[in-house]
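Take a look at the structures below.
Two complexes come next, and they have one chain in common, chain A, joined by chain B in the first and chain C in the second.
Right after this comes the complex of A and B.
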């Protein structure tokens, strides 16, 4: 406690960001330190798990130290430690979990293991201080494309998800093939702004009627086939047009299904979360489609869309307040379900 | 002086407390590769047996490898973070040296000249070293004298360096290379540590840590680093220029 505020330290190491943050009363960010490894992994065309794990170890203690310092608090002021224990890369997750457990044990601070995906949703509590459940959540990231009904702080009901590739994965793959490189999402977003979204007729995959699931692998294959046939015909590829058309095919389906889910469950708000939630076209399209149905769309700012410790702290805070406790046996669970 | 030693680089995790007189209290996991789940309770058990609390600790020592990459990281991260929180220094201990330390008395009893710790690094490779076992005639003083440096060897290359001298092997490299050793070395020139002594243990880490603490060979928590003895595979390929074409040349 400091100045009457309950302080949570959130730790996140599930992929390629080493992050820690101090959050007051589950809502107010006092610090948000993110040490990104993107530059290191760019040389390999994607995240290399062993290298990510090594880098997390080198950074984690300094990141925690900086999170405390920037919040101007000491370890003694911390009331709770929240840490991501899955889903993610196992070697990366275990650095955060080992550090969080050692800290909890050494400094006698309660511990909460947090599902990374619940953390992404909780990022919205930091951005929109009045937001309370219930609402519909759309979680889109490198590994996830999910529509989740959130009836209360500590429950998440997954209504649909991807059957093959996640949206971010599809972006990465196509970005690599058209030479934009890694990370694909932001690069496609940028290139698409200069391109024509109707230049190439990529299919919209809605699956069976009423389904809230997604499938992007067929679309990805269609894009690869298109690029191949253009190449064989000796035609030059307009990278911006491919990016814009491909992006449009992905985000249109996501936006339609998210709005459909909100309507069916009578939710007046759609809350966006995850790295791909910062895609500018997805943001614009979903806002337009939702407002036509009288639904509000809330989005975290881009810094809260990427992996960060603050969202983990917020999710941990609400779990703790509901009476949840995590013991020292906490393990990393790479395939943790929603 | 109360030193906590953590060992998670091998099959079984363990923790030990050693005091200035060299008295040791320890706890060992019975489950294989249960390092992350078990580490805090092992530490708590070792502290409990020693009758102290974490606030009595003066140093945190960790076996920094080589060994399981994942295991190394769990132990080193735990040690770093505990030291950071408790405000005490760290001590880095080589898993190879700790293995040799754990087998020194047994090697001397077996009349071996050399102690040879070998950790399985797969495909005929081993992390290892060769030590000479030094002792006085009354056995009061025993010490390890490094003959061949700690590094990654081909097992055949390491065996050649023994020059036919009587050698006492320890470490999980025995499980992998027993047949190779038996066929390469003259009969009667080698012995293997028993299965109860063969694997990394926090007690040996603690013994070396105490020696280091006494001469001030300590580190601040941020300087405690793993000794993997090997680059990540992708990094090896990047340096060798053999990363797949798809990554180097994304348009292919």
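Right after this comes the complex of A and C.
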């Protein structure tokens, strides 16, 4: 406690980022340190786990120290430590979990293991201080494309998810084949602004009527087939048009299904989360479709869409307040479900 | 692994991909490895889904690119589904703790197996996938 505020330290190392943050009363960010590894990954065209683990190990203590310093607090002021224990890359997760457990034990601070995906949703509590469940959440990232009903702080009901590739993964793969490089999402978003979204008629994949699941693998194949046939015909490929048309086919389906879910569950708000929630076209389209149905769309700012420690702190805070506790047996669970 | 006929075949549609997946699933025993090699969009994840179906796995098989490996335990054998697209070498596969899965109680299906070929056992079933002559078809070579 400091100045009457309950302080949570959140630690996140599930994939690219080594991140730590101090959050007051589950809502107010006092610091948010993200040691971005994007330069290293750019060289490899993706997340390289071995490098990721080593990099996390090098960064973790420094990142935690900076988070405390920037918040102007010391370890003894911290009331709770929250850490991501899955899903993610096992070697990366283990480093955050080990650091959190060591600190919790040494300073006798309660510990909460947080599901990374719950963290993404909780990012919105930091951005929108008045937001409380219930709401419909749309979690879109490199590894996930999920529609989740959130009836209360500590319960999540997954209504649909991807049957093959995640949205962010589809962006990464297509960006790679059209030569845009990594990270695919932001690169496609940028190129699409210069392209025509109707240039190529990529099929929208809605699956069975009423399904809230997604499938992007076939769309990826359509894009590859298009590129091959253009190449064989000796035609020049307009990268911006491919990016715009592909992006439109992805985000239109996501926006439609998220709005459909909110309508069906009578939710008046859709809360976006995850890295792909930064995609400008998705944000615009979902807002337009939702407002036509009288539904509000809440979006976290881009820094809270990426992996960060603050969202983990917020999720940990609400779990702790509901009486949840995690013991020192906490282990990384790479395939953790929602 | 039970005997499986090494051959090259043309997969004209999803149903033929499914037949191949079910046939491979029937042959699998604990410790077996299926190495899938083929470009983006040649149907590696699709074939894996049908292998999983043949093993009696109930969960949805989605791409494991993000976490490198996903485990499924609801079938006749545990299935470890790898996608090593992001890895640089076989050594990196061992670094993430894959050894126990490769040499374990279940079957492994590895997408982009050419990347990690140097650490895979010689008796792995290799399935090479390629585009067929027309858009919908694929070629599969078992060896």
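To be clear about the criterion, the second predicted complex is superposed on the first by the 338 of 338 C-alpha atoms of A that agree within 3 Å, B and C clash if a C-alpha of one lies under 4 Å from a C-alpha of the other, contacts with A are read in each partner's own complex, and residues count from 1 in each chain.
Assume a residue touches a chain if its C-beta (ideal position, glycine included) is under 8 Å from a C-beta of that chain, and two chains touch if they have at least 3 such contacts.
From a predicted model like this one, the values you see are computed outputs, not experimental measurements.
Visitor: Could you tell me if A:62 is touching chain B, chain C, both of them or neither one (first, second, both, neither)?
Guide: Touch status of A:62: first partner only.
Visitor: Between chain B (first) and chain C (second), which, if any, makes contact with A:75: first, second, both or neither?
Guide: A:75 sits against chain B, while chain C stays out of touch.
Visitor: Tell me which partner A:236 touches in the superposition: chain B (first), chain C (second), both or neither.
Guide: After superposing on A, A:236 lies clear of both chain B and chain C.
Visitor: Have a look at where A:177 lands relative to chain B and chain C in the superposition and call it first, second, both or neither.
Guide: Both partners, chain B and chain C.
Visitor: Looking at the overlay, what does A:130 touch: chain B (first), chain C (second), both, or neither?
Guide: neither
Visitor: Could you tell me if A:331 is touching chain B, chain C, both of them or neither one (first, second, both, neither)?
Guide: Touch status of A:331: first partner only.
Visitor: On the A-aligned overlay, A:91 touches which partner chain: chain B = first, chain C = second, or both, or neither?
Guide: Both: A:91 reaches chain B and chain C.
Visitor: State whether A:266 touches chain B only (first), chain C only (second), both chains, or neither.
Guide: After superposing on A, A:266 lies clear of both chain B and chain C.
Visitor: Applying the document's definition of touch, where does A:101 land relative to chain B and chain C: first, second, both, or neither?
Guide: After superposing on A, A:101 lies in contact with chain B but is clear of chain C.
Visitor: Could you list which residues of chain A make contact with chain B in one structure and with chain C in the other?
Guide: Common to the two interfaces on chain A: residues 44, 46, 48, 50, 53, 90-91, 177.
Visitor: Using the touch definition from the top, list the residues of chain C that touch chain A in their complex.
Guide: Of all residues in chain C, those touching chain A are 39-41, 45-46, 60, 62-63, 65-71, 85-88, 92, 95-97, 131, 135.
Visitor: Where on chain A does chain C make contact in their complex?
Guide: Residue list for chain A touching chain C: 15, 44, 46-50, 53, 87-91, 142-144, 161-166, 169, 173, 177, 213, 217, 220-221, 224-225, 228-229, 334-335.
Visitor: Give every residue of chain A touching chain B within the complex, in rising order.
Guide: 43-46, 48, 50-51, 53-54, 57-58, 60-62, 64-65, 75, 90-91, 94-95, 97-99, 101-103, 105-107, 176-177, 179, 181, 328-332
Visitor: Which residues of chain B touch chain A in the complex?
Guide: Checking each residue of chain B against chain A gives 36-41, 43-44, 54, 69-70, 73-74, 76-82, 84-86, 221-222, 225-226, 228, 232-235, 238, 243, 246-248, 250-251.
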